[in-house]
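In what comes next, subunit A is part of two complexes: it sits with subunit B in the first one and with subunit C in the second one.
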Partner chain A sequence: MENLGVVFAILGAAFAALFAGIGSAKGVGVVGKSAAGVITEDPSKFGRVLILEILPGTQGLYGFLAAFLIMNNISAGMPLSQGLGLFAASLPIAFAGLISAIHQGRVAAAGCGLVAKRPEGSGQAIILAAMVETYAVLALLITILLIGRAA
Partner chain B sequence: MAILNMKRIEILGLQKDRKKIIEFVQRQGCVQLDEMQEEGQHFTNLPTQQTVTQLERYESTVDSALEVLNRYTSGKGGLLDSFAPREEMSMTEYLEKSKKVDETLGKCKQLNALYKKIQDSKVEIARAETAIDQVRPWETLDIPSSFKGTADTQAFIGTIAEPLDREGVLTRIVEADPEAQGEVEVVSADKNQTCLVAICHKDNAKTFEQALRTAGFVAVSDATKHPPKVRIERLTKQIEQCNADIAEAEEAIKSYDDSRDDIAFLKDYLTLRTDKYKVLDKVSVDDSVFVISGYIPETKAEGLKNKLESKFDTAVNLSDVDNTSDEVPVAVHNNKLGMTMESITNMYAFPSHKDIDPSFIMTTFYYLLFGLMLGDAGYGLVMTFLCLFVKFKYKLEPRKRATVNYGLGCGLSTTFWGAMQNSWFGDLPKWIANGLKSNDPTDFISTHHLYWFDPLQNTTRFLLLCFFIGILHLILANCINLYKMSKQGMAFEGFFEVVPILLILVGIIPVINSYIGGGALAEIPSTKPIDNMINAAAPVLYILLIIGAIGVVVGPAIVRIKQKSSVGKVLGGLGGGLYGLYNAASGYLGDILSYARLLALGLCTGVIASVINQLGATPGGGNWFLFIIIFIIGHTINLGINLIGAYVHTNRLQYVEFFSKFYEGGGNPFTPLSAQSQSFVFKEEN
Partner chain C sequence: MSLFNKKKDTDYAYAVARVRSNELSLLTEADTEQLIEAESYEAAMNKLADLGWGEVSKDTDYASYLEDYFAKHWAFLEEILDDIHELDLLLVQNDMQNLKAALKSLVLPTPVDGIYSQSTVYDTEALTEAVKTKEWNELPDFMQEPAMEAYEVLTTTANGHLADAIIDKATLERILYLGNATGSSVLANIAERKVATANIKNALRCAKTGKSKDFIERSLAECATLDKGNLVEAALSGQDAVLSYLEMTDYREGAEQFRESTSLFEKWCDDLLMECVSEARYTPFGVEPIVAYYVARDAEVKTARIILSAKKNNLSADMIRERVRTLYV
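Up next is the complex of A and B:
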């Protein structure tokens, strides 16, 4: 029982990487499909749609970052309260990351359609997709601050 | 660094000089001609639509020929090549080359024909392959599939859609009709079908055929008079012939590689002519003179007038226009630094005459924010050196130079902020100092503390820094708004709209420091003085905050009193002010918090870079070879992803937080008639 704190902290790290990663995988997948459609028609748009495709990938990175920060704070025999704290700290980026990446993927996929019709609108498509990411960024921020408090 | 004033220009010239004058104006590239020229009593327009259509048809021929050439030859087209400057060409050279265009156009047509031949051959091959696949099961059959029998026998050649052997087929036939008599030979069988030849005596052919059909027999559909083997051979030969044709055509296409430059020239030549003829359509002419009119930037107006009047028998008339009208096209001119931001501004919206061109003003914060977000000195150096390499290798044209300078600015800022945070490819110096054994801070930079702060140890203080940078950014945006409004003669309204917001932005600093910072600044000696200063100023700042809030509420009402509106409207202004306060509180709080992304993205790059180093160092326990491989692959990916992240989020902060405060855009870009050539530029001649 004395290792329960460590278990929870590890669970937190796993949560952060896992859920944000799932979200990004889904998001990038959705955009990838649209992007491939655009490229079939016009291969020269590859660069533009590639940027759109990468956008929902950042949540996975944020989750990875949070997992790493939590791992850095794990020490043998840490109290249960601290482990639970680290676990709770992982939740914002885990779930905001999961949901925001999927939705950002949808916006970016729609953006691919925009680029297909109006290549000069790629900047606007990027910004529309970046709006969704704000909430992942805020979640990551809270996760980082909470890790600082819990550790 | 500003939006240029425009003038109207009218050029009146002799009919005989018409093409020459328009070509001259096109090469100067500083006049935007009116879409519709007035048709007056004596003037009519020249229809050139047919010529334009014909030229556009040629253009598409040339385009597809170039595409074909690029596909089959390894020509130019690398990323670095795209920075190479266009060839300079004088007018005489241009005319000399123009003589060859008919010949080149012929070459383009031949290229397209060759490509069509390749495509046709490929279709032919596909067709033959399908045919072979169909005949393949019959390969061992040594009689033609159209064989009907001998004098006394009748033969049936076909398939049953089931895998069966000889006994299986015979059983089926007997099951169908015990009377049926005949012989069966199975040619081949797979899991989908059985190919077979059945033979019976002519006398009982009917019964046998009936029984066969009941057993599921279907005669071959494409019976031929040659045995299948011969057919396969013939088809194979056909494929070989087609492949030979393709190879021959590809060789022929490659032999046109020498003409690449000519074709590129022809493309430009046609573009230039198409543009010219499109303009000729707009020219008003009568028997002896013609008129064109349009807009020209004030700075170039006199120069063009003098040149035109000295070269040709023309009368050029310049007149002033209302430079606030939406109809007047907008041209911007920036210095080298400002130019780097033009594409970013234009991506949001092209400036209008009401706007202040923000390109130059935004450079400082743009590079600052970008550097903070990417925040790794190693990555910054990579960017810087790449840009410097391109800059010195090629003599760059203005637009491309701006792109490279933009990369250079981002690289330098990234290097600076990376160095401030002790991030050199993550924690690379620490691993090197310990021979890849650990990342203890025993390296030169860490031991001498050659950096400002470690972001992981100072997350809250870093966050406060981000918020303070954000507040400065927002203050700048509001100041520009105030300047813009006073320029439009609304200084009074601007004062009551902007100054309260400025007071709130300044007054909120102690709030952020105590509620979000939570005394983090007081924890370490280096930032304690800042904390002390903010705390000392806090009472004053709180008063400013309150004055600002009151200002936001009463501001609209005061403006309406000045406009001598009715009492009801003044009271309505108060209501609007209350709503405005709510908007300011939620909106500006959200804006300031939005700058937290600087911290999130900044940490992201550095931490992931460190993880890559750790991955490289751990498995080999200090194997340099492995480390270098993982280092190169990992950091390339990390740099790529974070470059895009930093670019996108810096733009977001510029567009959503900064531009929304003062920038409207929506102007009508100045598109002068110019030589839109891709492979060469005209040398200025006198």
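Up next is the complex of A and C:
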């Protein structure tokens, strides 16, 4: 029981990395399929679809960053309240990361269709996909602020 | 179809991206206008060659040229789809045409070659062999009963029209079934419109040729947007009665077009299908953009055929414009 705080903190780090990572894997996977389709027909569009492919991957990085910050704040025998606080801090990036990466993947994959038909529209496709990123960034910000409060 | 039902819309992401890239090569209205304005049949053929439809020579026959062009795109669809049965809805009529041909070959004194369509979902050779040996259970389930019934009609009454009507009705019922089985509102709508327009054409034909009530009932399929009973009664009374009935349905424009000319009516039928698939232009995933691509290629080939045939027969540009189909892009 005395290490319950540590357990919750570790669980928080795992949540942040796991769920945001799952979201990114799904998002990047969908864009990857679309991008492969575009490149099969026109290999010269690789550069344009690559940026779209990268975008849903950022949530996984945010989750990794949050997990790293939480782990840095874990100390042996930390109180339960602190452990619970760190666990709660992981939730915004874990879930907002999961959902936003999946949806960003769909938007970016649709953007690949736009690039296929109108290569000059790749900037617009990137902007549309980047809009979804806003919510992952806000979630990361809250996660970082909460880690600061809980630590 | 089981695989089809389990797939998520994003499972089509690769195929849709390839379709989007290929949509760039679809005929545009500007291309069509240039073809119509071409000085001669040869000039129109050369224009198609310039657009990447394939090399042409002095001896190139436009029918086989267009067939080869469509076959190339059919091969593309086979390549991008894991399960070609997802296009059954659009192709099952080709299989049923082959079934008709195979049945007729059984009763005709001389075998008929080169009449089978190749854009099919079932193996044509296996289908013709099953019919030849009368192993009806070797046919796909939905073909068995109509094949037996049509064979019975052909051998007992030699009524080829009725045998055709039996197969046609089974085709329409299969199209409706496939459209509804997909769970896609776009595909269900395509199926409904295809069946409704086929029913209208059948009813008008039956009315013109004075077919019996039994024949008309065996020709028309039930569908949601037309009342079969009313259509049968109208067809018994004549073409005007069919058109009057249509004026009370969603298909009043079809009646107006038919009164103008049969070619305008045919164009309206094809355009109706294009209208159903046009929303797929903005659908990022799913089977709909692939179905729309097939319909778009089919429409462009029909358009090219109309223009080339008209050029060969020296029809005026205005007459050609009246007949060309609405394009996808």
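The working rule: the second predicted complex is superposed on the first by the 151 of 151 C-alpha atoms of A that agree within 3 Å, B and C clash if a C-alpha of one lies under 4 Å from a C-alpha of the other, contacts with A are read in each partner's own complex, and residues count from 1 in each chain.
The definition used in the following text is that contacts are C-beta pairs under 8 Å (C-beta built on N, C-alpha and C of every residue); 3 or more make two chains touch, one makes a residue touch a chain.
On a predicted model such as this, the values are computed, not experimentally measured, just so you know.
Enquirer: What does the overlay on subunit A give for subunit B and subunit C, a clash or a fit?
Expert: By the criteria stated at the top, subunit C and subunit B fit after superposition, with no clash.
Enquirer: With subunit A as the corner point, what is the angle to subunit B and subunit C based on their C-alpha centres after superposing, as a multiple of 10 degrees?
Expert: Computed from the C-alpha centres, it is 60 degrees.
Enquirer: For A:Pro79 in the superposed arrangement: first (subunit B), second (subunit C), both or neither?
Expert: Neither partner.
Enquirer: So, A:Ala36: does it touch subunit B (first), subunit C (second), both, or neither?
Expert: second
Enquirer: As a test of reading the superposition: which chain, subunit B or subunit C, is in touch with more residues of subunit A?
Expert: Partner with more touched residues of subunit A: B.
Enquirer: I'd like to know which partner A:Gly57 touches here: subunit B for first, subunit C for second, both or neither.
Expert: The first partner, subunit B, only.
Enquirer: I'd like to know which partner A:Ile127 touches here: subunit B for first, subunit C for second, both or neither.
Expert: The first partner, subunit B, only.
Enquirer: Just checking: does A:Lys117 make contact with subunit B only, subunit C only, both, or neither of them? Give me first, second, both or neither.
Expert: A:Lys117 sits against subunit C, while subunit B stays out of touch.
Enquirer: Once the two structures sit on chain A together, report how near the CA atoms of subunit B get to those of subunit C, whole Å.
Expert: It is 8 Å, taken between the nearest C-alpha atoms.
Enquirer: What is the shared patch of subunit A, the residues that subunit B and subunit C both contact?
Expert: The overlap between the subunit B and subunit C interfaces on subunit A is empty, containing no residue.
Enquirer: Provide the residue numbers of subunit A that touch subunit C in the complex, in ascending order.
Expert: 30-31, 33-38, 40-42, 106, 109-110, 112-113, 116-117
Enquirer: Within the complex, which stretch of subunit A touches subunit B?
Expert: 51, 54-55, 57-58, 61-62, 64-65, 68-69, 123-124, 126-127, 130-131, 133-134, 137-138, 140-141, 144-145, 148
Enquirer: Flag every residue of subunit C that touches subunit A in the complex, lowest number first.
Expert: Result: residues 10, 13-18, 20-24, 80, 284-285 of subunit C touch subunit A.
Enquirer: List the residues on subunit B that touch subunit A in their complex, please.
Expert: Answer in residue numbers: 347-348, 456, 459-460, 463, 593-594, 596-597, 599-601, 603-604, 607-608, 611, 641, 644-645, 648-649, 651-652, 655-656.
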